[in-house]
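Please find one structure pasted underneath; my questions will follow.
Chains: A, B, C, D and E, in written order; residue numbering restarts at 1 for each.
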Amino acid sequence: MIQFNYVCAFFLIVLGFYTIVTKYNLVKTVIGMSIMDYGVNLLIISIGYTPGGTAPIFTKGELTQASYFVDPIPQALTLTSIVIGACVTAMSMSLVMRLHESYGTLDTREIRRLRG
Amino acid sequence: MTANIFLNGLQYLGYILIFPGFLFCFLCGMLLVGIDRKLVARMQKRVGPPILQPFYDFFKLCGKETIVPAAAERTTFLVAPIVGLAALVVIQLFIPIHGFTAFSGMADIIVILYLLLIPALAAILGAAASGSPYAGIGLSREMVTIIACELPLVLVLLAVAKTVGNALGTGLCFSMSEIAEYQLQNGSLITKLSMIPAAIAFAMVIPGETGSHPFDTAEAETEICEGMHAEYSGAPLAVFKLSHAVKVLTLTSLFVALFFGGIGTGIIAFDGVIVFALCVVATALFISFVHAVTARLKIEQVFKYYWTVVSGLALVSLVLAWYGM
Amino acid sequence: MFKKLIAESTAKSPWLFHINSGSCNGCDIELVAVLTPRYDVERLGFKLAGSPRQADIVVVTGPVTRQSLDRVLSAISQVPEPRCIVTMGSCPQSGNVFKGSYSVCAPLSKYVHVDVDIAGCAPKPEAIMDGLVKATEILKQKRGQK
Amino acid sequence: MNLANMTDYHHFPIYSVMVLFLGAFIIAACGSKPSKDPKNPAGFRAWIALCATALSLFFLGSLVKPVMLEGEIISYWMGSRAIAGGYAIGIAMEVDALSLFFALLIATAVFVSAIYSIRYMVHDECVPQYYVLYCMLAGGVLGLVLSGDIFNMFIMVEILTFAAVALTSFRTKVYGALEAAFKYLVVGCMGSTAILTGVIMLYAQYHTLNLAQLANLIPGTMNNATKLAFAFLYIGFSTKAFIVPFHPLAADAHGAAPASISVLISGVLTKSGIYGIIRLTYFLFQTMNLGSMQFMLVFIGSISMFVCVTMALAQHDFKRLLAYHSISQIGYVLAAVGLSTSLGISAGLYHAMNHTLFKGLLFLAAGAVLHETGTTDLGKLGGLSKKMPHTTVLFLIGAFSISGVPPFNGFASKWMIYQATYQKAVESNNIGFLLVTVIALVTSTLTLASFVKVSQSVFFGQMPKEYENVKEVPFGMRLAMGILACLCIVTGLFPKTVTGVLTEPAARAVANVGEYITAMGFKSNLPAPNVTFAQVGVWEPINWLLILCIALLALTIVAVAGKYDRVSERTEDDTVDTKYQLFYGGEKNVYSQVGGGDLFWGFKHNWRHYFDFMHNLHSGIVNDYALWAVVALALAIVYMMIVL
Amino acid sequence: MDFPFVREAVTKLFSKPSCAMYPFQPSEAAPNYRGRIVFHPETCINCNMCERVCAGGAITHTSVKNEDGDDVITRSFDLGSCTFCSTCADFCTRHSIELTQDYHMIGIEEGDLIVSGTFVKKAVKKPAPKPAAPAAAPAAAEKKADTPAVAPKADAPAAEAAPAAPAIEPRGDGKPTQDPSKCIYCTICARKCPGEALTVDRKEKIWKLDEDKCVACGTCADVCPKNAIVI
């Protein structure tokens, strides 16, 4: 079953790419970026996951040689990644707002003053 | 010890100021241009100016008023010709004259290629500083000519480096003095099969680099009023004319040093004369003759010509050199 | 010594700048004829310069039309000293057949000091050469006075 | 912890990063009330930023002796959490000569740009926030190059991307700033995602994030997942270095950002990308002994240098032109580094350093023009040299440096690159590398051409009427430019010393991966290679300069004796004398500046199909650029899968 | 690419140049070349025909009375205004004007390009004739001149058929007299008169000579279609 996670993660990343490449609406581009992010987050979590593992919390007396838990590092990484993703989304949405103010449109095909 | 250093310094000062330096450049360059003008006139069935005509032109210009236009940037306008001339003379020092390689160890052929840019750049900046629109067009054309000449020149020099390097067993050799040394021992490079197209390509580059007919689009006096020099008068113009003369000498003697080295006696005065004689032949063939039989090209034709015909020849040479022929 | 050298050279290397101020082209082709192998003034060091800044001798042809007057005068003023102004053909000297026309400002000598007039309509190349040689003598004089 | 312990130089790397973030925090904490001083709207916040950057530079500068000269590799574990059970648990910083080399570059550029910013940003709103972002950007890049941990590299990449995007759109009123920022954000975000994916796939394989340990584990155990990770990481760092096909973003971002930020984007951000690629290819995967990897880097480098220089020739905007040139120069660096010879690496790093110096100088000059005239459009400017003589001289130094005119620094490094490529061609008997030499030489000339265009259409030529009241820029800005100009000249005149002190230790560090691994406490059996930096050419700039000076002196004496400087000039009172007007072939004296637009027609005419094609290709639509990124990623994956 | 001049250039290099070494070797102008004007004042009769036909207005004259009451006339030709068309020479009835083959016409000083000659014209000894017709007459004649002078053509054959016996004696001083029997008052003589000495009125059939103005050039007799004027 674990392969399904990976397939799904890569599917999400590719879906994000697809959205960014094909959609001409700025908001949809931002959505694509978010999807891409979620894909990566899913990938990180899947890597850290061990079937049957417990949460990596140390409580007194519970830690034995036999008990095993999921890898904590990817979870920490995911947190960072999620925070960064949120920041990126916020940043890009604010840019989209300003762009809409100054260009009067959200169509990427019309937001191309800089070219050549 | 100090006396020795002093004498050495004096000797080098003499080199810079007299023999391969200023005086030599001034006299020989001007003579070359005079011979060129005379020969072109004769080929056109004219009597032509006296051979000393460039000297007259030079001294006359020295005595004229120098006008700095109001739109010009004074310092750049006046300093540019001087810097260009000094840079050219320094290049002339780096080119070996037969066995005389006092300065050749300081710069290799790639460096010389780049040093050749400095005089052109000085002229371009001077022209830009004059503010004239004619100068603007002229400098654009000069720059395109430089780009056009650059590719074949690079290919030729790389071919030479590879050929000499192959013969020396090091693979490649950029050093000017080593090339001169090699030719002293093994005869001129032109005797090698791979160097023949290179020599022809270099010969074709000479008129372009010196801005002589048919590649004188940058100065085209009949269409863009002397182009880069449109606003120059008096002494700065004289310096530019002198620079042009020295450039003719530099390129022809570089040609001689690269392909016809190893012809000489070992006595520096005679070698100077021999090299100068060879330069005269080169000038006559590649500048005067080409001038006499062609009409001025358009700038995009210049570019096309250099990047197809001449570069093609140079490339053939490079490929031949690569496979050791 | 250098002064003498320069004065000598000035006589041996005069460069021309040719201004057509509304000429019929008769004088202009005669001036070109002077440069051809038949007459070849380059023997004497003459050369056509492309810009007035490089010229020693300004050759003006044509009757100095009102349109061209300012331009002729500004081009002449841009020639560095010592300079020599030569009018060629009758038009710039008097206006010739265009004399009195509302659009003709000839003679040129009303506006600048003209050194040499070459008469003829159009002058013969030999006459032009005569005039130019005279002009170089004047140039040398001016140079010597400096 | 006593003072002696604290001033131990092993702590300096973390200090240098910390002061910058601390500075950002303090500035942010001080609120955003603008100061009353019109010459410095940010008030003391600007001084805080300056101090932070200066301190950072000081800390890194004091590391030169142990790291560069004595060859020590500083390994630093955060909170002293060192290796446990053979695995790196803590977060590490590892400073070898390569890291320090890049860090010094970055710190210098950041410091100079901070000096410049004080007077440059006077016309802007919200300047306090600018310094917050500025310090964040600087800290991010510095953290990236000093980090010994691949996930920290990703974090720093995100921080710097974020700060760079915000700073790009800082002047929201500027034409296209928002658009440029958005494009940069989208593609930059794809790049960051690619880096994160690569990092996490490496973690999945090796369960460690430490660079040294990864370098120890990966070679020899490559599988498909690793190759995929390599492709992702490579593309991720490529977006940071803006090499082809990500160059349009650089052009947009540089053009829209304030000049002081353009300096950082071109001199610092691109270097971080190059640093990432070097770490990746030489250290982590150690694939550079493969001909195919050398081919890839050299190929992309050559394409970058040529495509971007031709794109630059077609530009009408000063800063956009500079932006394309910076990618072109990065192409040189990449091609040289990709040669995988010690001379090549040394030359590439030398050129990277020079690029930071001269491109910083050029961007600052462009900023000075923008500051005084309000535009960088080549078609509108002209003749500023009479009003801004110092800026002109400084610009010319930068222009000569970038176009490789001897004896400036650009020539010294380019010349080493030519030799390195040619030597590589001869050694490997591969005529392809020879082509790189030729492309590099021709590109250099084209670079010169486009800077001739800039100098003609901005600084020389005729001045439009509206710029008659333009003044020279304030001293603070000239000081910043002057520092860079001096560095340009010094590094050009003493190439042997510079390479000996800075680039050769760095190149040695690149070659000596085993030491990098063992310095962190891991066991490596990589042998220490024998590194030599033999050059075939000779170039002695000092001697050349000496001869040139003698020649110039002689000429000057002759000229002064001949009253060369006795010229006729227009005096102040006669303004209508036609004698001093320009000659217009008989036309009236009208303003007729030959602008930069189509200056090199003779060249472009022969290449018109190419230029048309390139113009249509760089469509300005963000989707297209994203598509290029995806295609590049796909190609990289396929290529890695085939060749590795 | 082909270079058509390669052979030319090489052969010309070794052949004699085709230059005319002008300033060192003299050069003759071609036959019939119209160069410097030479004026022979001794034959000039001051008819001013040259001035009237000169397109460039290069010919001028000044007239001063000397103590004898004679006119001292100086005629000058400004070569700087001349087109060398030779019309003046062609029109000169006395051949006083000549265009030579000399082309060395260089002006440096003021007056270098002026060719001039002075001659004295004796004052007319006879007493002045009666006062002229009313002042309006010349003006009327002028107006008439505007209309084409071809009207009398119909009478021409008849007039020619008439015997050519001179009906009137010449005056002997070179000035014209009219034969009223032949005159058809066509006004050609008045229009061609260089001194504007003749007044002809076709309607009133008046032919009048202003003796003061007449210079006795004979042009009127030459141009008269009916040979009605004798000199």
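Rule of thumb we're sticking to: a contact is a pair of C-beta atoms (placed from the backbone, for glycine too) under 8 Å apart; a residue touches a chain by one contact, two chains touch by 3 or more.
Bear in mind that the values here come from a model prediction, so they are computed numbers and not experimental data.
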| item | value |
| --- | --- |
| Subunit E and subunit B - chains in contact with each | C |
| Chain whose Cα centroid lies nearest the overall Cα centroid | B |
| Of A-D and C-D, pair with higher C-beta contact tally | A-D |
| Chain whose mean Cα position lies farthest from subunit B | E |
| Most widely separated chain from subunit C, with each centre as the mean of CA atoms | A |
| Inter-centroid spacing, subunit D versus subunit B (mean Cα positions, whole Å) | 35 |
| Euclidean distance of C-alpha centroids - subunit A vs subunit E, Å | 108 |
| Computed distance of Cα centres, subunit C from subunit A, in Å | 82 |
| Centre-to-centre distance between subunit B and subunit A (centres being mean Cα positions), rounded to whole Å | 63 |
| Numbers and ranges of subunit B residues touching at least 2 other chains | 41, 44-48, 62, 65-67, 134, 225, 230-231, 234 |
| Residues of subunit C whose C-beta touches two or more other chains | 37, 40, 43-44, 51, 53, 78, 80 |
| Subunit E, residues touching no fewer than two other chains | 17-19, 21 |
| Each pair of chains that touches, named by its two labels | A-D, B-C, B-D, B-E, C-D, C-E |
| Touching residues (chain side subunit D, partner subunit A) in the complex | 151, 155, 158, 162, 165-166, 169, 172, 175-176, 178-183, 185-186, 189-190, 192-193, 196-197, 200-201, 203-204, 207, 209, 248, 251-252, 255-256, 311, 314-315, 320, 614-615, 618-623, 626-627, 630 |
| Footprint of subunit B on subunit E - complex, ascending | 3, 5-6, 8-10, 12-13, 15, 17-19, 21 |
| Parts of subunit D lying in touch with subunit B, wherever the complex brings them together | 383, 385-386, 389, 392, 396, 400, 404-406, 411, 415, 418-419, 422-423, 426-427, 431, 434, 437-438, 441-442, 445-446, 448-449, 452-453, 455-456, 459-463, 536-540, 543-544, 547-548, 550-552, 554-556, 559, 562, 564-570, 579-585, 592-594, 599-603, 605-606 |
| Footprint of subunit E on subunit B - complex, ascending | 39, 41-48, 289, 292-294 |
| Residues on subunit D engaged by subunit C in the complex (per definition of touch) | 568, 577-579, 581, 583, 586-589 |
